[in-house]
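Report on the following structure.
Chain naming follows the written order as A, B, C and D, and within any one chain the residues start at number 1.
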Amino acid sequence: MNKLINIEQAIDLIKDGDTIFVGGFLGVGSPHRLIDALVKRGTKNLILICNDTGTPEVGVGKLVVNKQFRKIIASHIGTNKETGRQMMEGETEVELVPQGTLIEQIRSAGYGLGGVLTPTGLGTEYAKGKQIINVDGKDYLLEKPLFADVAIIAATKADKFGNLFYHGATRNFNNITSSAAKITIAEVEELVEIGDIDPDIVHTPGIFVEYLVNGGK
Amino acid sequence: MNKLINIEQAIDLIKDGDTIFVGGFLGVGSPHRLIDALVKRGTKNLILICNDTGTPEVGVGKLVVNKQFRKIIASHIGTNKETGRQMMEGETEVELVPQGTLIEQIRSAGYGLGGVLTPTGLGTEYAKGKQIINVDGKDYLLEKPLFADVAIIAATKADKFGNLFYHGATRNFNNITSSAAKITIAEVEELVEIGDIDPDIVHTPGIFVEYLVNGGK
Amino acid sequence: MDVKSFIAKRVAREFKDGNLVNLGIGLPTMVANYVPENINVIFQSENGFIGLGPAPAPEQLDPAITNAGGIPVTVKPGAAFFDSATSFGIIRGGHVDYTVLGALQVDEKGNIANYMIPGKMVPGMGGAMDLLTGAKKVIVAMEHTAKGSLKILKKCNLPLTAINAVDLIVTEMGVIEVTPEGLVLKEINPEYTVEQVQAATEATLIIKGKPEIMKLD
Amino acid sequence: MDVKSFIAKRVAREFKDGNLVNLGIGLPTMVANYVPENINVIFQSENGFIGLGPAPAPEQLDPAITNAGGIPVTVKPGAAFFDSATSFGIIRGGHVDYTVLGALQVDEKGNIANYMIPGKMVPGMGGAMDLLTGAKKVIVAMEHTAKGSLKILKKCNLPLTAINAVDLIVTEMGVIEVTPEGLVLKEINPEYTVEQVQAATEATLIIKGKPEIMKLD
């Protein structure tokens, strides 16, 4: 059960056409080395599910600039003009989802739910085409699960079983996406021995993490 | 914003007829001093929402023995014969809910969802009367939010703002129920100053906790 | 005092001791600078924490601690970090007392448009739809017009971020409350007449007696 | 070796290195004692952790670390504690490889009844419905009959805990696989004949060639 692989082995796991989760919020808590290696590899026709598309120079935005996505599902693309350009010119399909809905959709996938009901977006254009379900007199949108083939995430610390610990605001989407991908690869700043993370403070149980990449600080 | 109150003040906050969440799993992680004080006070006609009903001598089971509930919503009552007796003899209404469904119903209430869709219980008597929703060809039960007036929970450590930390398996329902009650009262083993719990390891943000009771070990 | 600071200072007067507040990017962020010293307001950052503090001194800078705009910040004692699911549970679940956002348009039903101009600017809703749906009170903080073009309308014509969401509009001209009857001019900047404010507002302002003078202290 | 240990030992042979396994109360708990030494199996405890270890020595006893039956246990290095929402996310989300439970009745459709006898015993489903729905493989570990009364039926007549859920039935008489065609007797305890096993089974056993001899090592 050795989960530690090198970056090239990690990138081998992402195939043309795959749907990928990428952790991070405007690049904070993103797996930067994995992203750089994926840019270098040039894997194409990917579907991205991510909170945002970073900037052209930071985080997942580099993959946008390199035109590796055929579709992007995100809550915000305003910090990366290239995403907007590709959308406007019809090069890349972009689906915008409210941030709180997006994370619940991913959680539904990872946690075995058929979806959740949320009031967010009711009455707006976002709601068009979505099923409305009335619960005790109140309307909600039915939001379905979102799965991925591979999640690439970042963590501050990991033990060799894959238990993850995040510092500061880097937890964001990393924690939940690990539960909803067939393969989760965590790029970690610090790798410690099994038993070196107090079980009370593990943020992501190691069972959600298939592979570890030692990313350094 | 002084959240620290004594046990009598805490029990004053629970009124006859209230719906209460009680944290704990077979008494592990239950607020034992608050329960004892509530037994002594004898507040009546309560609705209980709890994982289980403990045993006649341990945890929330003492409140069952004292006949303080008109209704009990729980996943398991088998360790407390008195709950079964009250149910069989029609003294107390008992609604049994799968454990994973129960915690999602409480989370839905606290997290602003209209409910979740789960496959758990499909095709069984539990599903009778529940709305079935088909998502992409698969059936799910619609499970609605469960709110409470007061949550009484237990934590290992708290700072004076109400940030909570749990040791071991005591987290169980305590963490989530705090989000779904109008008033949450946490009985804590150790009370520390604000700033004395590392923000990275807080399990329950203090905004979910209205009152603290110093319970001691 | 410049116009933006004036608006931010007036918004800050709405808060009460212990309130949990989320501030949007831009002008709303400035509100934090004007919270009265005699009250304790707690700020939430939707990327994953409660207890947002001021910008760091160079030696305090921690790349893992940024606000929702990706800008380095600090956290105050008693802070707690969490993942995006918890963050938006707090938001959607009604645990945020005030959200302060800018707007492209607001109308007399409390509808708000602030996330896209079709064909021109499509940044995405980020967390705005959830905040508008979930926060107990929504304050729009913005300049009264956009270089003369009206923003407070009878009916928004840009895609809505949320319906019936706005409670209060604070501009450099006055303070407008959204009521079931329409927009009530509650306070006015003495540098303007009621007629001037109405001329800068497409919706008909309801005047109940004489509007109070906008107070900043 | 007594009957229960015999069954537990055979069940343990199903596991592969790295499997995540949840063991029910009673006989299934004994399975942990027989995991082959050359593989590493990880146990989940639905009250909130992964990494369940053996019973504590007196000096190791920690009242916060108990199994789902409330019995003190230990955790192994690499363990992680979490709340009930995460615990059942792991269960419902298909992350548990095997769940091992007892049963009152099982039938040829893989239906299982193990949580109540109406009017007699209504303990509640606890986490069983979620485990039966979510685990990748469900193993029923039980004595073949209850003091002579049949338990492996054509059709369960007690209220079901889950439909089409069971994959494998391990008893002291043999190993039975639930297939779309019905129950296949895969292995037999050489102390019994096929006729004896069939006589103790209401459902018709499908025999494909000669059943293998039950092996425990």
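Throughout what follows, a contact is a pair of C-beta atoms (placed from the backbone, for glycine too) under 8 Å apart; a residue touches a chain by one contact, two chains touch by 3 or more.
Predicted model, so just to flag it, every value in this text is computed and none were measured.
Undergrad: Report back the single chain whose CA centre is most distant from the CA centre of subunit D.
TA: Chain centre farthest from subunit D's centre: C.
Undergrad: For the interfaces A-C and B-C, which has the higher count of C-beta pairs in contact?
TA: Comparing A-C with B-C, the pair joined by more C-beta contacts is A-C.
Undergrad: In whole angstrom, how far does the Cα centroid of subunit A sit from the Cα centroid of subunit B?
TA: Going by mean C-alpha positions, subunit A sits 32 Å from subunit B.
Undergrad: Based only on mean CA positions, could you tell me how far subunit A sits from subunit C in angstrom?
TA: The computed centroid separation for subunit A versus subunit C comes out at 29 Å.
Undergrad: For subunit B versus subunit C, what separation do you get between their C-alpha means, in angstrom?
TA: Measuring from centre to centre gives 35 Å for this pair.
Undergrad: Counting in whole Å, what is the centre-to-centre distance of subunit C and subunit D, each centre being its mean C-alpha position?
TA: 55
Undergrad: By the touch rule stated above, which residues of subunit D touch at least two different other chains?
TA: 49, 81-82, 88-89, 91-92, 133-134
Undergrad: Check each residue of subunit A and list the ones that touch at least two other chains.
TA: Only 104, 107, 112-113, 118-119, 166-168, 200 qualify.
Undergrad: Mind listing each pair of touching chains for me?
TA: Touch list across chains, by label: A-B, A-C, A-D, B-C, B-D.
Undergrad: Show which residues of subunit A lie in contact with subunit C when the two form their complex.
TA: Within the complex, subunit A touches subunit C at residues 25-29, 51-52, 74-79, 84, 87-88, 94, 96, 98-101, 103-104, 107, 118-126, 156, 166-176, 203.
Undergrad: Which of the residues in subunit A come into contact with subunit B in the complex?
TA: Subunit A residues touching subunit B: 104, 108, 112-119, 133, 135-136, 138, 140, 142, 144-145, 165-168, 200-201.
Undergrad: Per the contact definition, I'd like the list of subunit C residues that touch subunit A in the complex.
TA: For this pair, the touching residues of subunit C are 45-49, 62-66, 68-70, 81-85, 87-89, 91-92, 119, 121-130, 133-134, 159-164.
Undergrad: Enumerate the contact residues on subunit A facing subunit D in the complex.
TA: 1, 107, 109-113, 159, 161, 163, 179-180, 194-195, 199-200, 202, 205-208
Undergrad: Quick one: in the complex, what on subunit C touches subunit B?
TA: Result: residues 17-18, 20, 40, 42, 49-51, 75, 77-82, 86, 88-95, 133-134 of subunit C touch subunit B.
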